[in-house]
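Think of it as A, B, C and D in the order they're written, each chain with its own count starting at 1.
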Amino acid sequence: MARGFRQKIHQKNTENSGFGDNASGRFINKDGLPNVNRKGVNIFNRFSWYHTMLDLSTFQFLSYLVIAYILVNLFFALIYYLIGVEHLTGIDKSDPINEFIDVFFFSSQTFTTVGYGRIAPVGFMASLVATFEAFLGLLTFAIATGLFYGRFSRPRAYLKFSDIAVIAPFKESSALMFRLAPFKNNALTDADVVVSTAIEVIEDSVPKTNFYQLKTQLSKINTLALNWTIVHKIDEESPFYGFSGDDFKNTNIEIIVHVRAFDEVFSNTVVQRSSYVSKEIIYGAKFIPMYYPDKENLSTILDLDKINDYQNADLPVFAEEQL
Amino acid sequence: MARGFRQKIHQKNTENSGFGDNASGRFINKDGLPNVNRKGVNIFNRFSWYHTMLDLSTFQFLSYLVIAYILVNLFFALIYYLIGVEHLTGIDKSDPINEFIDVFFFSSQTFTTVGYGRIAPVGFMASLVATFEAFLGLLTFAIATGLFYGRFSRPRAYLKFSDIAVIAPFKESSALMFRLAPFKNNALTDADVVVSTAIEVIEDSVPKTNFYQLKTQLSKINTLALNWTIVHKIDEESPFYGFSGDDFKNTNIEIIVHVRAFDEVFSNTVVQRSSYVSKEIIYGAKFIPMYYPDKENLSTILDLDKINDYQNADLPVFAEEQL
Amino acid sequence: MARGFRQKIHQKNTENSGFGDNASGRFINKDGLPNVNRKGVNIFNRFSWYHTMLDLSTFQFLSYLVIAYILVNLFFALIYYLIGVEHLTGIDKSDPINEFIDVFFFSSQTFTTVGYGRIAPVGFMASLVATFEAFLGLLTFAIATGLFYGRFSRPRAYLKFSDIAVIAPFKESSALMFRLAPFKNNALTDADVVVSTAIEVIEDSVPKTNFYQLKTQLSKINTLALNWTIVHKIDEESPFYGFSGDDFKNTNIEIIVHVRAFDEVFSNTVVQRSSYVSKEIIYGAKFIPMYYPDKENLSTILDLDKINDYQNADLPVFAEEQL
Amino acid sequence: MARGFRQKIHQKNTENSGFGDNASGRFINKDGLPNVNRKGVNIFNRFSWYHTMLDLSTFQFLSYLVIAYILVNLFFALIYYLIGVEHLTGIDKSDPINEFIDVFFFSSQTFTTVGYGRIAPVGFMASLVATFEAFLGLLTFAIATGLFYGRFSRPRAYLKFSDIAVIAPFKESSALMFRLAPFKNNALTDADVVVSTAIEVIEDSVPKTNFYQLKTQLSKINTLALNWTIVHKIDEESPFYGFSGDDFKNTNIEIIVHVRAFDEVFSNTVVQRSSYVSKEIIYGAKFIPMYYPDKENLSTILDLDKINDYQNADLPVFAEEQL
């Protein structure tokens, strides 16, 4: 069943979305990344390993480090073993397994440059390999240092978006609303938001996706410390003008949100994107306030768990909805 | 006692402060951070540990590092002790305490990768733990390297604000003035300032906070090397037009300041915020200059200790003050 | 044979290219760097070694590190050898070559701070040199850490440009088109493009290069996730108005492209430049689409190998071409 | 002898220089830093040690590191010596000097974590101190790593300004000109320049410094690869309109230059400032071109040694100069 909207939307669609008619599926994923897969080009050139390492979870990142550490030591242990344990002092030569265990530990003591010296290279080949293993170890930790720093110094907005958007009553009309709030101890200022929408329309019986800019009541705020409710009033200039609850349900709609703010700790602009598709839009609802004064009236409390809390609300009836 | 202002202010209030009617207490603390507490969300998700580490004082940061170092070594010492001191060479086995002391030092020599080798692992388990302790040690110092760099490379404006603002005579009228000066050897250019105010007004007997933008005489300067006195003239367009000294004292007022400049060392934009509440505003005073030519008239001296120096000054009397 | 265009171009040329009449050859190389050589100034001052190290390929960079490591150890081995092997314990004194080999490995064990201790300094001079070698080693790896981080954290756009530009039919007229696409897993938003052209014209029988800004149909897009085809319509305002295929072939033309976008991982603006000269412009061709929906219609696939694919296309005939 | 200009300049002076009437001497030093000294505030708070470390020359920076390394080792050597050499194994106890030398080297082997183990701690106190020295050593090198990176990754414009400015003939009138060129292998784009001037004028017999913005013919260029000659035409709108050669010589004038560009390697905006005072302005001269095509006409050569080359040039005579 085609889910394109049937009527003509009066507003002119914009062409600078970066997506064209051949694109399909959700445009922007919930996490803000575009829903695009790449092929072609050598696979090694298609990925920035630095971007990849930065996108790993902490657990994944540490696991990879530990696994790499074990593999490297196994590799060098094998080399020392092949060179011969007689080129190393202090090896337990009771049986081959103990020999291999000892060269493995010698390798790790070299790679980390701990170098106790209980086991130490005496022959030329073992010394040469150890020379390069220690060098490799230091370079590896140099890279790890850079990756750790890159990971935790990466400027991020740390914004939590409401999971849902609502169509709420607003100034004798209705408005599309969703909200966001900073959830970490960062300090954001000079925030602005750009909201656009992709609507699938039927033109000459062919479904086609049009993009529209959505005007918001307040597109810039000075301090982003409390929650920020983004309000797009559905008036004559809105592409949603005249949409009924069924229209919102039965049309392929995607609301694309792009928030930009200045983080005072990073002294850098941070951005975060998200999107809402038709099934994430609740028609006839309004958000419940999520901040309130503290008991002594001395500061304000922001309750992040309430970000999705809403209650039903009757919308004014439009003549246009009956079209 | 409610401290809201009684009359109507003619200027239209702005809505982009990011604070709403439910907020209470000072909005921006003296140090520039918003006066908001967060709750909800898992506590681990509510803090960016990197932001937290960057906000610690140097003393706190170093203390935490030393404490972590001791704890890690106690932890590993315990493991080695449980594995058994017979898996380590060179241990002083005269009594259990000496044994523990020696495994503690073995742990520290492993964690720092100093690895003298006087004490060295011989058994499988001790070697295995040491292998991972040395690895952990290097990763820890990789993280410490990143944190040190993050801490001292963090772009900051290093601006000192005057503790007080004054209402001073200015061009046959009066003006709200405060001043700021760079106090470190950084080089700031292209500075601009945005000043706004929150005033509690009584509307229909209900106290309500309105936000107003305050126009300043000079909102941009090229070089921020001397002190900068920010001047908001109190004329018909000012929300303070007609305020008497008592009005300033008895109304809940907050002046919110946001300074932005370009630091040529960091090649980055730096920002700093501060605020003044009613009790920090002195009515009928003017600042004493804080810079002067040096003896040889070859350069200029900025005396930072004078930043709060002011003298009393009579203000012109307004008819409006008698309302 | 002079390749300057003969007629007068109606559009006013721009003067802010940064290149003047004395410049010659291609202005911007294919990789985006200006085609300028510098002389004068001390050679050490003419290069930023940091920029140089960042521009090396990974292979070159690692090779230089390894070579430097070997040279440093040879240098210190020579010093220890000259001081005398009797100042080191554990040296194999069977013959001078073995002695040198052992001091070389001692040097590497000191430089990497692995310090097994099988060979260790006992005399004053050897200890002193080792003291500084270990210090130098740590500083070297500190620098290497910085270089690694600088190399892989360097913000780059990772854009692939089509090798060729085409003159394609466009809205009953023709247009200069080329395209670009992000080829790595980075996330670019807020992209904009500036296109200019350098055309060699004959003024009073003297060849002279004029620069013109080229208007594009869409100079900004929100999300740069798919390919972006830049379209410059050749209308009355275009400097190419009335150019025939031969004119494109026989005139010295250079199209200079400058793309800027915001990378959400780096939270930084990234730029990339490229250029097209006459022989890289195909007259009468159009690009074949390079992205399409995936099988389930759930996302979009971008095939980077198709970026240069085009087919021939007839252009409308202009009266002006016959001039 | 007062060197203020006597006549009224018609242009309105600007007030956003950041310098006021009490400032004296040159405002901006030749290296671009403001000519201001600070006093007051605790000396430790008046300096950002990070900014200080970044401003040191490479030689100074390395010297400080070496000196700090020696002092730290002397300090720890003294502690080990006071604890007693019997708490260390392998010490040469032939005489106190040899003892001290050996504990000094033990200290350095601990601080750098090389830890050969020929000398190793055995007693509790010596082990404890060594535990902290190794920890301190690693933290020190963590800091050094950050400083090295901070130093060489610091975004800088690497622009060379001509030492002198000239008053040259320009379009039937005259113009103030100076030039600048990038002297390293960095790639600058989107450059812009802001030029202002401070002129000492006599108002009511009192010398007073006024600031004026100077309009330039071309204030933005796309690519800053060749030299850029900044041209301020001296027409009716210029504060220098009607200045004779003697006026330039006898008036306290300072030209303040502020260049900003985008460095594609750092992906960052870089700025550089400089200034010209009266004695650095040559009246009646013009610059000699400093770039030319290479032999094969395939690229352009920029000769940085010619940046100050000029030849005398007659200026048109103004009626106003005779005032």
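What we mean here is this: contacts are C-beta pairs under 8 Å (C-beta built on N, C-alpha and C of every residue); 3 or more make two chains touch, one makes a residue touch a chain.
By chain, UniProt protein names: A, B, C, D = Ion channel.
Just so you know, these numbers come straight off a predicted model, no measurement behind them.
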Task: Provide the labels of all chains in contact with chain C and in contact with chain D.
output: A, B
Task: Go through the assembly and pull out the chains touching chain A as well as chain D.
output: B, C
- request: Pick out whichever of the two, B-D or B-C, is joined by more C-beta pairs in contact.
  value: B-D
Message: Among the chains here, which has the CA centroid at the largest distance from chain C's centroid?
response: B
- request: Could you check if the interface between copies chain A and chain B is built from the same residues on both sides, meaning over half shared, or from different ones?
  value: different
Field: Copy-to-copy rotation for chain A and chain C - C-alpha atoms, rounded to a multiple of 5°
entry: 90
- line: Expressed in whole Å, how far the mean CA point of chain B lies from that of chain D is 28
- prompt: Which whole number of Å gives the spacing of the CA centres of chain B and chain C?
  reply: 39
Query: Touching two or more other chains, which residues of chain B qualify?
result: 109, 113-117, 145, 149, 268
Query: Touching chain A in the complex: which residues of chain B?
result: 15-20, 22-28, 32-41, 45-52, 54-55, 89, 109-110, 113-117, 120-122, 124, 127-128, 130-131, 134-135, 137-139, 142-143, 145-146, 149-150, 154-156, 194, 196, 256, 258, 266, 268-271, 273
Query: Across the complex, what residues on chain B touch chain D?
result: 65-66, 69, 73, 92, 101, 105, 108-109, 112-118, 141, 144-145, 148-149, 152-153, 158, 160, 183-187, 189, 191, 218, 220-226, 228, 262, 264-265, 267-268, 289, 291-294, 297-306
Touching residues (chain side chain A, partner chain D) in the complex: 113, 115-117, 145
